[in-house]
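Scrolling down, you'll hit the structures one after another.
Paired with chain B in one complex and with chain C in the other, chain A is shared by the two complexes that follow.
Coming up: the complex of A and B.
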């Protein structure tokens, strides 16, 4: 998928810290009830040359990032600065240098928290409360009346699938139920920006799929979701727009194909199943971008594994060859375009996070 | 889970969406902080245990009627009464000796000290004067009562209560407003609500204050009750000092709880090294101690009531008005400082 095809974002790299200029697409902008003036020209979440020091440790280094909608995955190794970035986005931390704002309001300002829902990765609650009571108290702490808090509590519990089992004490909840309650409290005030720190951690496959659907429905409503996760496969199902962090910097941001294309040092591997593999192999070896072609062994030598530089040019050439020589392509699969692979290339390791 | 129809249950899909109120959130946080304090267990139980020990000790002393001067130990196994009896010239002040209905005068033996010195009237006068003091003291109910009350005030109210019970209880409950939530890492839920940080600090303080007052003054009442009649008198006289001290200490420990990650340790150091030492020092350094002003209130209350306050051993106490003004200003200043500092402090839920 190219940047033009991506439903939410286009990428405009700038210097060492590429910024994302996000455009709401499809879903109408949600007019929530908080009466915060909506400035359509302003990005929803904006990091401007933000640096953060913890004593002598540089946690964030001149990060510039701009989001206005959709789902963005935040990935990176432990200690890369993901949590620091998320905590700045919801106003728990102040930047040492630079500015972080939500709709132009500094995130350190309490009014910005009306626009932000935060689902922390910590697993600490008021354990003696029931899930329903906890969410209700959180709604009251948002400033809603009792009646309104009750209504919102029921609505968000319904949304995360906890309405029928929210009366037990939180200390008796499974990890998955606790994650759902955390998500529920983040949705209470209908925030425009949702910051989710490891929201899929500890959730079973069925629950994970359900939460992914919730995230997708929120994005469809025009919400902006910034999700930090080590669950790269699940994240990939949710979005192919990621921000990759390494050593306090945004190493890359954009859609996965866009980022992959920028990695010239790492040739793209593509598996191609075609009716005449030898003919295609001969044609491809003449293409300047192609570095090598491996043909599958008999008895079914239909598959090729091609390593090529400059994916965009390669695919343009490949398409032309297929048409000109009337080849029947049965399968075309990039083998190293996953978040995991890209992360491995960017971080110079396995990509393990 | 209703992901397929997100608008059906969304919180804002309401005919008349309501605007959240910061003021509502503030008062909810006050109530919530008050309710959460049921869970201040560790330091609370420690304080209860220590209070119990003090109350039992006071109760035992009271039951044995040992607050008065006569029973006060002067040295090992010897009380004032016993010393007075030893020094007493037998029969000199014994009314029975001169009571025609009592023991005949000839019963008491005459000691060498009782032998008059008719040729040295000065020696005779001094001897009689010195030997008469202990017995004269023992014969003055007003002096003995005042002495007993001030003795109780000094050891129980000034020493045990202001020096120990009050700081411990206020430390336990005031520092726990943030300390407990920080330790359990649940503070993130409050810190991510749309409430100004300074309001969070104030709301937490207001939610905590009733507990500090209940237990701070509760400890005072219990100690006074354990003191019997003396204690009841002390309770009536010193309660304003106890209230002022409780609120001022609460403000101090709330501030400590908000800015330090180990508030109990810092609070204990403050109580037992700063307050205990500085407030007892002569000179102007004691003016920086909260206890000094609470003690001044207590001293002035006793002085006004006509008690001999030299037993309280307080050097150059402030006037009642000054003490009140300083305690009120200190409480306000500590709270405003806390609001300001807390609004600048970052909260990290990962440490």
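Coming up: the complex of A and C.
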């Protein structure tokens, strides 16, 4: 997915993509630091040099991050600090050092939570209540009148596809139904910022697609979504704008191509299907950014796999060569630009989360 | 915001403004009560509390009826003639005559049921939120941590008043009907205020104590053990030491201290309090105040540090 396919780009009211500014702490992070201008002067969610200790364990290490809109995926290995970061964004945790604010209001202050909807990863409900009753109670806690609570409850239940199943007791719900109810209660007060911790966990493929569409429509309405997920393929369908966490730091943040471009140590692999592969291979070997070219084996040697440094320059040169030599490119596919691959490069190992 | 709401939730514009977090505390109390009334055991305890009330209710009626109608007659027990008035002697300890001690005694005995009920309610109302991890749902809404505590205290307060204050008011009303109601209600209006005061003291103290202990131990069994220690073991110890060493030792019996505060609200003479000797009223108030203060300090410490770490 290229940057112009990013859902956030297509839905942004101002037509500008950027939604995140991050200044990762530490030398490693600085290498991948991105500064993307945003369309609003005031950040919606702002982490300022935030650190969090659990006893002697450092969960977050001087994280600075700001979000202004769109969908941002939060990925990282287990124990990287994702959930801690999300809980701080919602005021469930207090930073040991630094400050977290939503529109300038400290997230530890209850007023900030009028702007934030939170869908936690746990699903410990009052099992005796029905889904409808649970969501209604949550609406009352938001301060709505009885009538308004009922209307909002019905609206959000319909939104997450639970209206016809909401009268059953929560103890009889499947994992997917619980996820939907959790999402419903997070949407009740129409928050500007929606924080979702593993929202796709346990949901079947059809339900997952439905929820992805809900997330996209929310972003299209100008909401800011921060989604933590281990479901990298699903996350990629939703957004290619990610914040990658490692060992309590923001290792990188931005769109996937932007992050990938910064990974100079790991050459980009690109598969190219072209009408004259041998000619193209010869041309590419003369390009300084190209490290190697593999030609597909007989009997149909039509594909090349090229490894190149500095993807931006490589693609510029490649485009020029294609035009100059009138090559017919049938397919151009980066092989290691997925979240999974980038995560693997950043964190070492396979990138499995 | 309104426009977003319309798009998102697809209903007509809502022009209202959400209430503040105090309103949410009331909503939280309501759902807590809802959770409690679904438990049969608590209905059983309520029934037991109702039995205590009916005992006082009918005994008060019986004493007045016997005194008025049959006081001069005698009946024979095993051939021994006994004045009817003497048959009601065993009620004297309960002072079923519409005085301060009537209501004080009623609340004292109702306390046995109340303590058991609250020990069980604490883990359901508060402990489960911590133990099962449902707290993030509450605290992700626009309420503060103190509003959460207030909501739970309100729910507990409802139990206390349903079980203690309301029935005591019922006894006061009954006493007025049994005696000369015009004179009784006017002369003993301060008793009504005293009942309300006693109820308030119980509500504040017990709700803080329930929330504090439930936040501390979270589960039902340890909670019951701690409450039994507070209200049974310390009571026995306080009673023993109060008789043999110093009456101030009775202060460690929290229920007795609350009883003294209640009698002080009801305007009972200190010398009429049984068993004797008893510490002074002001000492009991100090003790109850200290317990509330300790609970508040503990809750403050815990509430400020309530962080959702799974």
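One rule holds for everything that comes next: the second predicted complex is superposed on the first by the 314 of 353 C-alpha atoms of A that agree within 3 Å, B and C clash if a C-alpha of one lies under 4 Å from a C-alpha of the other, contacts with A are read in each partner's own complex, and residues count from 1 in each chain.
The rule is short, and it goes like this: contacts are C-beta pairs under 8 Å (C-beta built on N, C-alpha and C of every residue); 3 or more make two chains touch, one makes a residue touch a chain.
The structure displayed is predicted, hence computed values, not measured ones.
Superposition of the two structures on chain A leads chain B and chain C into a clash.
Using the contact criterion defined above for the overlaid structures, shared-chain residue A:222 touches chain C, although it does not reach chain B.
By the touch criterion defined above, A:213 lies against chain B but remains apart from chain C after alignment on the C-alpha atoms of chain A. Of the two partner chains placed by the overlay, neither chain B nor chain C lies in contact with A:173.
Within chain A, the residues touching chain B in one complex and chain C in the other are 83, 87, 90-94, 110-111, 113-114, 116, 118, 120, 122, 124-126, 128, 137-138, 140-145, 148, 151-152, 155-156, 158-159, 185, 187, 189-190, 218, 221. On the chain B side of its complex with chain A, the touching residues are 1-4, 6-7, 9-14, 17-25, 28-29, 32, 36, 39, 184-186, 188-197, 346-350. The touching residues of chain C, when paired with chain A in their complex, are 1, 4-5, 7-11, 14, 16, 18-21, 23-24, 27-28, 30-31, 34-35, 38, 128, 132-134, 136-144, 147, 307-310.
Residues 54, 83, 87, 90-94, 109-111, 113-114, 116-118, 120-122, 124-126, 128-129, 137-138, 140-145, 148, 151-152, 155-156, 158-159, 185-187, 189-190, 218, 221-223 of chain A are the ones that touch chain C when the two sit in their complex.
If you check the complex, the residues on chain A that touch chain B are 30, 32-35, 83, 87, 90-94, 110-111, 113-114, 116, 118, 120, 122, 124-126, 128, 137-138, 140-145, 148, 151-152, 154-156, 158-161, 185, 187-190, 210, 213-214, 216-218, 220-221.
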